[in-house]
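Right, one structure below, let's go through it.
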Amino acid sequence: MRRSVVPVLAVLGFLLLFWYAAAVWLNAPWAYDKATRSGAVLDARSLVLDTWTQDKPKLPAPHQVGAELWATVVQKNITSKRSLVYHSWVTLSATLLGFALGTGLGVLLAVGIVFNRTMDMSVMPWVIASQTIPILAIAPMIIVVLNAVGISGLLPKAMISMYLSFFPVVVGMVKGLRSPDAMQLDQMRTWHASKAQSFWKLRLPASMPYFFTSLKIAMAASLVGAIIGELPTGAVAGLGARLLAGSYYGQTIQIWSALIMAAVLAAAMVGSIGLIQRVTLKRMGMAG
Amino acid sequence: ADDVTLQLKWVTQAQFAGYYVAQDKGFYEEEGLDVTIKPGGPDIAPTQVLAGGGADVVVEWMPAALAAREKGLAMVNIAQPFKSSGMMLTCRKDAGVESTDDFKGKTLGVWFFGNEFPFLSWMSKLDISTEGGEDGVTVLKQGFNVDPLLQNQAACVSTMTYNEYWQVIDAGLTPEDLNVFKYEDQGVATLEDGLYVLEDRLEDPEFEDKMVRFVRASMKGWKYAEENPDEAADIVLENDSSGAQTEEHQKRMMGEVAKLTAGSNGALDEADYERTVQSLLSGGSDPVITQEPEGAWTHTITDKALN
Amino acid sequence: MISARHLDLTFQTNDGPVHALKDVNLEIEAGDFVSFIGPSGCGKTTFLRVMADLEQPTGGEVLVNGVSPEEARRARAYGYVFQAAGLYPWRTIGGNIRLPLEIMGVPRAEQAERVRRVLELVELAGFERKFPWQLSGGMQQRASIARALSFDADILLMDEPFGALDEIVRDHLNEQLLKLWERTGKTIAFVTHSIPEAVYLSTKIVVMSPRPGRISDVIDSPLPRERPLEIRESPEFLAVAHRVREGLRAGHSDV
Amino acid sequence: MIWLGFAVVAWIVGMAVNMALARRPAGRGAALAAPLVFGLTLIAVWEGVVRGLQINQVLLPAPSAIAARLVNSVDLLWVDFVQTVLKGALSGYVIGCGAAFLIALAIDRFPFLQRGLLPVGNFVAALPVIGMAPILVMWFGFDWQSKAAVVVVMVFFPMLVNTVQGLQASDAMQRDLMRTYAAGYWRTLLKLRLPAAMPFIFNGLKIGTTLALIGAIVAEFFGSPVKGMGFRISTSVGQLALDLVWAEIVVAALAGSAFYGLMAMAEKTVTFWHPSQRK
Amino acid sequence: MISARHLDLTFQTNDGPVHALKDVNLEIEAGDFVSFIGPSGCGKTTFLRVMADLEQPTGGEVLVNGVSPEEARRARAYGYVFQAAGLYPWRTIGGNIRLPLEIMGVPRAEQAERVRRVLELVELAGFERKFPWQLSGGMQQRASIARALSFDADILLMDEPFGALDEIVRDHLNEQLLKLWERTGKTIAFVTHSIPEAVYLSTKIVVMSPRPGRISDVIDSPLPRERPLEIRESPEFLAVAHRVREGLRAGHSDV
C-alpha cells in the first residue's frame, strides 16, 4: 500500500502537467480567434494565461475545475440547489435504489438459471442481447411509460440503473453458484442434503468472492444508469442534470466538476464494497 | 382542487415563465387547480408524454403537433401564448454568409427531435437541398449548445432569440461578428409554444372546464410576467432545481420572450395557423405534413377563458 | 453387506463410450476392510461411486445392506472420504465436521459433543476453531476423515485418502485407521495406489485391471487383525505384497 | 380480449416447448432452439399485449409493425449501420483495444507504472463515460471520429484491466521453467505469458463489443451528421416514428449479439485449450 | 560439480521470517545420483531451487560447475523437472518438448529429431500431436521429463517427478531413469517422499529435517550401479532403507 504512494503521486503529477499542456493546446484556437477579431497580437505568455482562464474553455485547466468544485461543494449550503453535494445525493439515492433492485433481480435470475435447466437454456442469451440495446435510446421511453402509469421521481431512474446493473450480477453469480466442484456437490449427495441445504450451505457461501466482484461492477454501472436516467427526466436535478445543463450552456467547467464528482462517488462506493468484501471474506475465512 | 399536469417542452427557463408565475402567484389556486409542471429535456417528446397519459396538457411547437396529428395522435391546440417565432439561424460573418444565397456549400447546425420541421420547410422554399454537396447544405445535428459555431465546425447554427443567441454573445462573439436570419423575417415562421391536449378528452365537459380555468390562469401569469420581467425571472430561477441557470441569463431571456408573447391574448390567430400549415405543406418532396389538417385547433377554450 | 453382481458401467463421451466397469462381482462382509488397487483409470473410483449412489450402473446390480445404493444413501448408511480433503474454506475445522450433522438435523448439543469426539479420534483436538488453510495438508486430510466419521455411518468409503501425504505421516495415519476400524467394527472400502498400504490395512485386497475395468484378483489376507508396523517386514506380508504386485503387473502391459 | 388470450396461450405454449427441450439430453440443437423459442414467445406475447390492450403505437409499436418497418427501410438502416457500427464503433474498438493492449504491456513491464497507473486508472475508469460523450464530441467534431473517440474511452479500461490481469495469469512454476531455460523477457512474453493471458484478453474483448456499440450510439445523441443509428433513434422519437426507433434497436441488438458471438467464436478457437472451453 | 557451503535461506513472510535452510553443506560429484528425502516443508524444493538460481540464498555459497548458479543457468547447465508436469496446455506434447529448443535456438531439423528421440526414451512415441489434457497424469509427467531431457543439460534437477504415479508405472520409470543416467553419465539431484525409491535410485541419499531445514544424514549407497528391481528385496537394500527411515523418524516428532 505504502509502496504505491510515490508512483501514484508521480503519475498524478504527470497527468496534471499533461492536463495543463492539453488545455493550452485545445484552448489556443479560441484565444487566437478572439485576438484576430479584436486585432490584438498574442505573445506566448498571454496566450498561456488566456488558455488557462477562459470562461467556456474547450478543456478547463485543473485549477478552474478545482475552484468550481470548491465553490459548489464546500462553499454552498448542502441543501442549496447550487450545491454539488445536493446533486450528488440526488444521484446517489437513485443509484443505490437501482443497485439494490439490480442486485436483487440479478441474484434471483442467477438462482433460477442455476437451478432450472429451462431457464438456463432460454434466458441467458437474451440477457446478453438485452445489454446490446442502447439504454439511452429506451431510457426516455421507459420514463414516459412509467410516468404514464403514475410512477415518477426516483423509481424510473432507479429502473434504468437496475437495467444496467443486473447484468454483471447475473453473470458473476451464475459463475459463483456453479463454482463448487463436482466433489463438493457429491459430498452433499452422500449426506442426502436437500436442494435448499446445498444452496445455503455450499453454493451461496462458495459464490461470495464472485458476488462481491460483480457488486463492484454493478455499482459503477448503476451510477452510469442513474446519470443516464437523469438526462431525459427533464434535467431536474442530480449529477446527470448538471452534466446536461453544463453541456446545454457550454459550461465546460461545470461539466468537468460534475464528472469528477461522479468519479469520486463511484470510487467511494466501489471502495466501500471492497471494504465490506474484505471484512466479510475475512470473517468467512476466505481472505487467503 | 382539480389536478392538472403540464409537460414543458424544455428545461425550466424563462421561456415558460408564464406558467411558473401563475403557479407562484397563486393564479392556478384561485381557479381551483392544483398544477404540476414537469420540465422537459433533450429526450422528452411532449407529444409522446401526452400520448402516454403522463400529462393533461403540453407545451409544443405547432409543426411537431401537426406531424403527430398526421401520425394518428389527435392533438388539438387550445391556446397560443406565443404570437411570433423566436427561431433564427445565426451565422459567422467570417464564414462568408451574408445572405440566404450564401448557404449553398456551407454546413448548418439544426436541431432535430421534432424541431427540424421549420428548417426543412424553409430550405425547400429556398430550393436548397439538405443532402450536402456544392448546391446543397450539409446539415449537422446540433447538440445542446452553440459549440459548432464557436469552433468553426458550422457556418451557422440554429438559435432562439431569447436563448442560444445570447450564449453566442456570452462566449465572446459580438453582434458585429454575426449575421442572423430570423424565420419571421424570412416569411417561414411557424407557431411555437402552444398548449395542446388530446382531442377526445375535450368531449368531457369537466375536462373542458378544467382547461378553461387553466388557460385563463396561465394567460394571467403570462401577462404578469410581461409586466414584471425581473420578478418573473426570479420565480423561474427559484423553480430551477438543477441550480444551473444564472440570473443574468434568465432576466435577459424573459425580456426577449416578452417580445414574442406580446401580441397574443392566448387565442390562436387563424392567419398564423394558415401560414404555418402552408409552410409545412410546401415542403417539396418530403413535406412535414401531406394534407391540410382538420380540427387541429379550437377556440372554445380561449373563448370561454377570455370572455 | 455389500454385494455386486455382474456390474457394468459405460460412460457416454464425445469420443465414444468408455467401458469403466465390466462384469464386476464382489461380496463384502460386515466388518471387512477391503482395499482396491489397480492402475490409474481402472475404475476404482467409479466402483466406489456406484456403491455410494453417485453413479448409476448400466448393468448388473449392487445391494448395500440388502437394499439399493439409493435407499442406503437416503438412510445415510455411509461416510465418503474423497481423494482430496475438500473442506469448505469458509468454515472452521469444527464447522466443517458439523456440516453433515447440521444437514442431518442432529441436535446442537449433540453436534458439539460429536465434533469433540471425532477431533480427538484423529488427534486434532484444539484445532476446532482453525480454518482449513491454516493447517498442513496432512491435518486437512485427517479433518476430512473426521467429518466422514462424525455421523457414525456403518460403512466408510475412502478414495485414496492418504495419497498426498509423505511416508511417515501416512504410516501414522494407517495405524490410527486400523485402530479405529478394530474399535468400531465398521465396514471399510479403501482405494489406494500403494501395495504396502493395501496389504497392511486390509482383510481383503481387490486387484483391478483396466480397459474395461475388471476384478483380476481377490486376495483374502492371512495376516492377523492385530498389526504392528513391523509386520511389513514379515515373510507373510511380503508374500501377499508379491502376489498383489504380480496381479497388478499382469493387468499392466500397456503402460 | 382475443389478443390477450393469444398472449397467454403463446406464453404457455412457449414455456411448455422449452421445458420439453430442457428435459431432452443436451445437444447443439437444443442449445440454439431454446433461446429461439423463448424469444419467439416473448415477441408473441408482446404482439398480443399491444393489440389486446390497444396500446398507442407512439408508445410501444407491435412487433409486426417493427418488422414491416425493418423491411421497408433497409436502405436507411444500412446507411445508419455503416455510419455507426462500421465507422464509429469498429474503428474505436480496434484503436481502444489496441492501445489498451500496448499500454498493458508497458504497465506489466514496469512495476512502477503498475503501482502508479492502475489506482489512478481505476479512478478514471469510474468516470461515467456518458459524461465524456459531449466533451469528446466537442473535441473531435461531429462525424464518426468523435464516436470512435467515445468508444475508445469506453473499451479502454475493461481491456486494460483484463490484459494486465491476464499477463499475470501464468503460474509461478511456468515462469520458473522459462527461467531455467534462461529465456529473456520477450521470449517469455511470446511463448508463455501471452498465450496464458488469452482467456483474460478475450474477456476484455467480449465486454468491449457491447460497450463499443452502446458508446457509438450514445455519442450520436450529442451531435452528429444526419445519419447514424443514434441520430435516427433520437430524431425519430421526436417524430413519433417509434417503429423506426425499434427497428434501429433491433439492428443494434442484432449487430451487438453478432459482434459478441464473433468474439466468442474467436475465443473458442484461440483458447481451445482452456478448461472452460473443453467440457 | 555442485557444492553448497554454509547455505542459509530465510523467507520473509507477513507472519515473520521462515527459516527454510540453515547451514547446509553438501558436495555432489559429477555423475552422482543424489536423492533428497525429508518430511514435508523441510526445504528440499527450496534447496533445488537455490541450485537452479530460482531462489537467492540469504547466506553461504553455492557453486555449480565452479561458477555461481546464475552463470550456470545462463549457460543452460541444467534441466529442471517440477513437482507438477506444468505442460503448456496450448501446445501439443511435441510443441512442449520443442519449447526449450526453440528458445535456445536449435535449428528446426534438429528440433524434430530430438523431440522424436526423447519421446521414444519416455515411451510416448505416437503422442507427439496430442494435447496435454488428452493424456493421463502419468503420461504428462513423462512428457515433462522428456522436455527436461531434450536439450541435454549436464545436470538434471528433479522435484518429486513421480509423485503422482501408481506403483507399477513408477517402478518402470525408475528403471528407465537409472538406465538413462548410466548411459549419459548426467548428474542428477532427485527429490522424493518414497524411501524405496530413494534407495533404489541413488548413489547418495540426503536426509533432511525441518524447521529450520538442515541435512541430518548423508548416506553413500553401498549398492552396485547395476540395479535390477529385485535388488529391493536384498538385505543391503533393506539396511539402507532402515537407516533412512530412522533418520526420517528422528526429524519427525511433530506430525
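Annotations for the structure displayed:
Lettered A, B, C, D and E in written order, each chain numbered from 1.
As a working rule, a contact is a pair of C-beta atoms (placed from the backbone, for glycine too) under 8 Å apart; a residue touches a chain by one contact, two chains touch by 3 or more.
Since this is a predicted model, take the numbers as computed values, not measurements.
In summary, the chains found to touch both chain B and chain D are A. Contact with chain A and chain D alike is made by B. Of the two chain pairs considered here, A-C and A-B, the higher C-beta contact count falls to A-B. Distance between chain centres (mean CA atoms), chain A to chain C: 53 Å.
The geometric centre of chain B is 85 Å away from that of chain E, both derived from CA atoms. Measuring from the averaged C-alpha position of chain A to that of chain B gives a distance of 35 Å. Among the residues of chain B, those in touch with two or more other chains are 42-43, 45, 48, 52, 143-144, 147, 151.
Residues of chain C in contact with two or more other chains: none.
In chain D, the residues touching two or more other chains are 59, 134, 138, 221-222, 234, 237.
Chain pairs that touch one another, listed by label: A-B, A-C, A-D, B-D, C-E, D-E. Those residues of chain B lying in contact with chain D across their complex are 42-43, 45, 47-48, 51-52, 64, 67-68, 71-73, 112-116, 130, 138-144, 147-148, 151, 153. The touching residues of chain B, when paired with chain A in their complex, are 8, 11, 38-45, 48-49, 52-54, 94, 143-147, 150-152, 167, 170-174, 177, 240-245, 249.
Against chain E, the residues of chain C that register as touching in their complex are 39-41, 136-138, 165-169, 172, 193-195, 233, 238, 245, 248-249, 252, 255.
The touching residues of chain A, counted against chain C in their complex, run 183-184, 186-193, 197, 201-202, 205-206, 208, 284-286, 288.
Residues 171, 173-174, 176-183, 187, 191-192, 195-196, 198, 271-275, 278 of chain D are the ones that touch chain E when the two sit in their complex.
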